[in-house]
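Next, two complexes with chain A in common: one pairs it with chain B, the other with chain C.
On to the complex of A and B.
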C-alpha cells in the first residue's frame, strides 16, 4: 500500500526548479512549477543513470544534465531524444508548508 | 604495450562495460546550484544573431561565387563559403544537437537538420552517437567519436582536412540507410524505435542530392555542387583543425574530463566558426551550458582545470610531439598539471571503476600508462 511521505518544505524548492529527495534506496525529484504547483518523478533519467536534480527546469520540462534529454515532469512524458522512455510520476500534496509524496 | 580495439563491437568495449568504466560517474567541479542555474539559462538572442550572420554570409558569398563563376576570382568567395558550410555547420550541428543554442526548441531543430545535412551526418544517428560520446568520453571501444586513436591515424586526419573520409563515409552510410539498413556499429547505440527515422532522413537526402546532381548534369557544370555537397570537402579544414585539439594526445579510459579534454584560447573568428567549443573541458563537464555562456563558465571554474593552451599554434606544438611519440609508444599520453588549489585528478574514480583498491593516497594520476609532462 502506498504511503504519504513528508519530503520537504515548500520553500526548499525555488520556483521553476527541483530538488533531489532520497527515501530508502530510492531517489526522487520534486519540482515546483512556475504556477507554484508541486510534482514528483523518479530521480534518475530513464536514458542513463543520471540524477535529474542537477538538470534544468524550463516551464514544465526537466532537462537531463548529461545528454539534454527532456521530460514533461507533470506527466513524465519523454519529450526529447535521447530519452525515449517516460519517467514514473508520483502523487504530491501540500499541507501547510510541507510537501508530501505518495510512494 | 597495450593494443587497443576501438571497435564498438570489440573486446575493449566489453571490458569497459564489465569493469564499470562505461557509464561511470565523472568528476565535476563544484558550483553552487544557483550559479549553475544562471549559467544553464537558455535564450534565443545570441543564436538568432549568429544564425543571421552565418546564413546571411553564406547566401552572400555563394551569390558572389555564382556571379563570378567560372572565373578564378570566385575562388576566395567559395573558400569562405566552404568554411561556413563544411566547418561552421559542424559546431551548429553540435550545439543544436544538445538543444542548448536556442531556447526555442523548433529553432534548435531547424538549424540541427540543416547542419546535419551539410555535414552529411544523419541527424538521428549522430544524436545517439554524440550521446554516447558524452557518456563514455574517450573510453576505448565505447566512444564512437574518437578522432586521434593510438597509434594516431595521422593520414586519416590529414585526409579529413579535406573531408575525404568522413564525408564519403557519410554519403556511403546515407545510401546504405536509404535502402533500409543500418551499419552494424550504429545499431549498437540507436534504439529500435528511432531506426525508421534514420532511414526516412537518408531517403530525403538522397532525393536532394539527386536533384542537385541532375541539375549539374543538365547545366554541364559543377556549379550546383559547389553550393551543395562539395563545400563539405573544400571547407572541412577548419573544423578538423579545431576538432583534433578537443581530446588528442590526452588520456584514454579515465573518468575526469580534465584528463581527456582540452581548452584552447582561440581568435574571435575561429570562435564564431567553432561556437566556443574551444572551451571543451568546460563543455564536457557541463553540457547544459549554452555555447554563449562557456566563457563565463570557464572564468568560474578555471581554478580547477589545467591551464588552457594559449592559442591553436601553441596547442599544436604540444599535441604533435605526443602524437608522434604515440606512433611508437601507444601507451603514452599528455598529463597536464593542475593549478595550485585545484582538486586532484580523480584517480580514485578511475581505479574504482576498474575494480582496483581506492584506499591509495590521492596524488598525481597514475593511470597505468606513462604520462608525458606538458611543455
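On to the complex of A and C.
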C-alpha cells in the first residue's frame, strides 16, 4: 500500500530547483517549480546511474548532470536525447509548510 | 531514389540520422558503420563496472527500424564518387546519395617508437575488452599520455590493484584542455591513489617487459596503453578532393566544399564565429554537431553554435568544462567539499568559459548555468562568491 511520506519542508527547496530525498534504499528528486508547485520523480536518470539532484532545473525541465538529457519533471517525460525512457513520477501534497510524497 | 547516406555509426552519425527523421525527412536514410557492434556510447569504455565493459547502445535495432533508418555494420567504404553522387563499399553495389554526411570520427594515435606495437589503445569496445582482459593478469601498467583518457584509465587500473605509471611528454598533465590549477588538484588525487605521474619524458622504446625512456630509465610494464590523442579519419574526404585543415573543413552549417556533402563530429574542422576552423573531440560535440547535420541533411539551414562541453570522472571526482578555458581564470568559486569552479572572461568582461572539479557531480549544475551565460558580461566578484546563486546571474542576463 502506498504511503504518504513527510519528505521535507517547503523552504528546503528553492524556487526552480530540486533536492534529493532518500527513503529506505530508494532515492527521489523533489522539485519546486517557478509557479511554486511541488513535484516528485525517481532520483536517478533513466540513462545512467546519476543522481538528478546535481542537475539543473530550468522552468519545468530537469537536465541530467552528466549527459544533458532532459525530462519534464511534472510528467516524467523524456525530452532530449540521449534519454529516451521516461522518469517515474509520484504524487505530492503540501500541508502547512511540509511536503509529502506518496510512494 | 537516392536518399541520405551517413558514413559513421557513432554518436554523431546516429544522432544525425535520428534528427533528420525527426525533422520530417521521409526519404531513405542509410548509416554505414565500420564496426561489427551496434552503435554504442564510447565514454563508458574508460569507466567499466565490476561486470566489465559497459555496453550501452545509442539506439537499438528496433528503434532504428521504427524510424526506417537502415544501419549497415561492419562495412568498409572505399570511395566517394562525387561525379556520380555515389558511395562505394568494399562489397555490394555503389550506394547513390542525395546528401552525404561524413561522420567518420577519429582513430587513436599509436606509439611510433621501436616496440610501440606492444602498446594498446582505447577507442573501441574491442580495445576496451582487450585492455581490461590484459589487466586481469598484469601487475604493472604504463600509460603513455596524461590526458583525460589516460588519467581516467589510470584511475581504473590502479583501482584494480595494478601499479600504474603515467608518462607525459608535456610539462604537466592535462595540458591541452584543463586549467593548470584543476589539473594539479586532479594529479594530486591520482598520486594519493598510488599512480606515478612523470612529466617531460619521452618514450624511447617498448621491450617485452618495460617501457624505456630516452633518459635511459626502464619502467616495468605488463600492460602498455598509448593515450596520446587521436587522428581524424579524413582519408575518404582526401581522396574525394575535399579540403582538409586538421579535419574535414566545413562551414558553420557543417557543409564541405561540396554543397551536398557535410561533415560533423570528431572528423570535422568547423568554422567558428572567429573565422577559425576548430575540431573538437568530445561526446557532446559529436551529439550537438550530429543534430545540426541531421537538420541540414533534411533540408534545414542551421548553424552550429554550441559551446564545447565535457565531463571526465576520476575516482570520486568529477571534472567538467565548457567553452574556452585556455587563458588565465578571472574568478574562482570555492564551494566546499573541495569543489571549485574557475571562470574565464574576455577583455570585455564577457564569460567565455568555465571549468570545475568536485565530488561526483557537484559542479555540474553551475557549469550548465555557465554554459548558458557564455557571452554575458559578468562581475568576477559575484562569480567568486559561493553565496551568490549563479542562477540569479542567469535570470538577470
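Things worth noting here:
Here is the rule we use: the second predicted complex is superposed on the first by the 103 of 103 C-alpha atoms of A that agree within 3 Å, B and C clash if a C-alpha of one lies under 4 Å from a C-alpha of the other, contacts with A are read in each partner's own complex, and residues count from 1 in each chain.
Here is the rule we go by: contacts are C-beta pairs under 8 Å (C-beta built on N, C-alpha and C of every residue); 3 or more make two chains touch, one makes a residue touch a chain.
This one's a predicted model, so the numbers in the text were calculated from it and none came from an experiment.
In the three-chain model built by superposing on chain A, chain B clashes with chain C.
Of the two partner chains placed around the shared chain by superposition, chain B and chain C are both touched by A:63. With both structures placed on the common chain, the touch criterion links A:72 to neither chain B nor chain C. Looking at the shared chain after the overlay, A:55 reaches both chain B and chain C.
Overlaid on A, the two complexes show chain B and chain C touching the same residues of chain A, namely 17, 48, 54-56, 63, 65-68, 81-82, 84. In the complex of the two chains, the chain A residues touching chain C come out as 14, 16-17, 48, 50-51, 54-56, 63, 65-68, 81-82, 84. Per the touch definition, chain C reaches chain A in the complex via residues 15, 18, 41, 56, 58, 63, 283-284, 287, 309, 311, 360-362, 364-365, 368-369, 389, 391. Of all residues in chain B, only 23, 36-37, 40-42, 98-100, 103, 105, 124, 127-128, 131, 134-135, 191, 193-194, 286-288 touch chain A in the complex they form.
Those residues of chain A lying in contact with chain B across their complex are 17, 47-49, 54-56, 58, 63, 65-68, 70, 80-82, 84.
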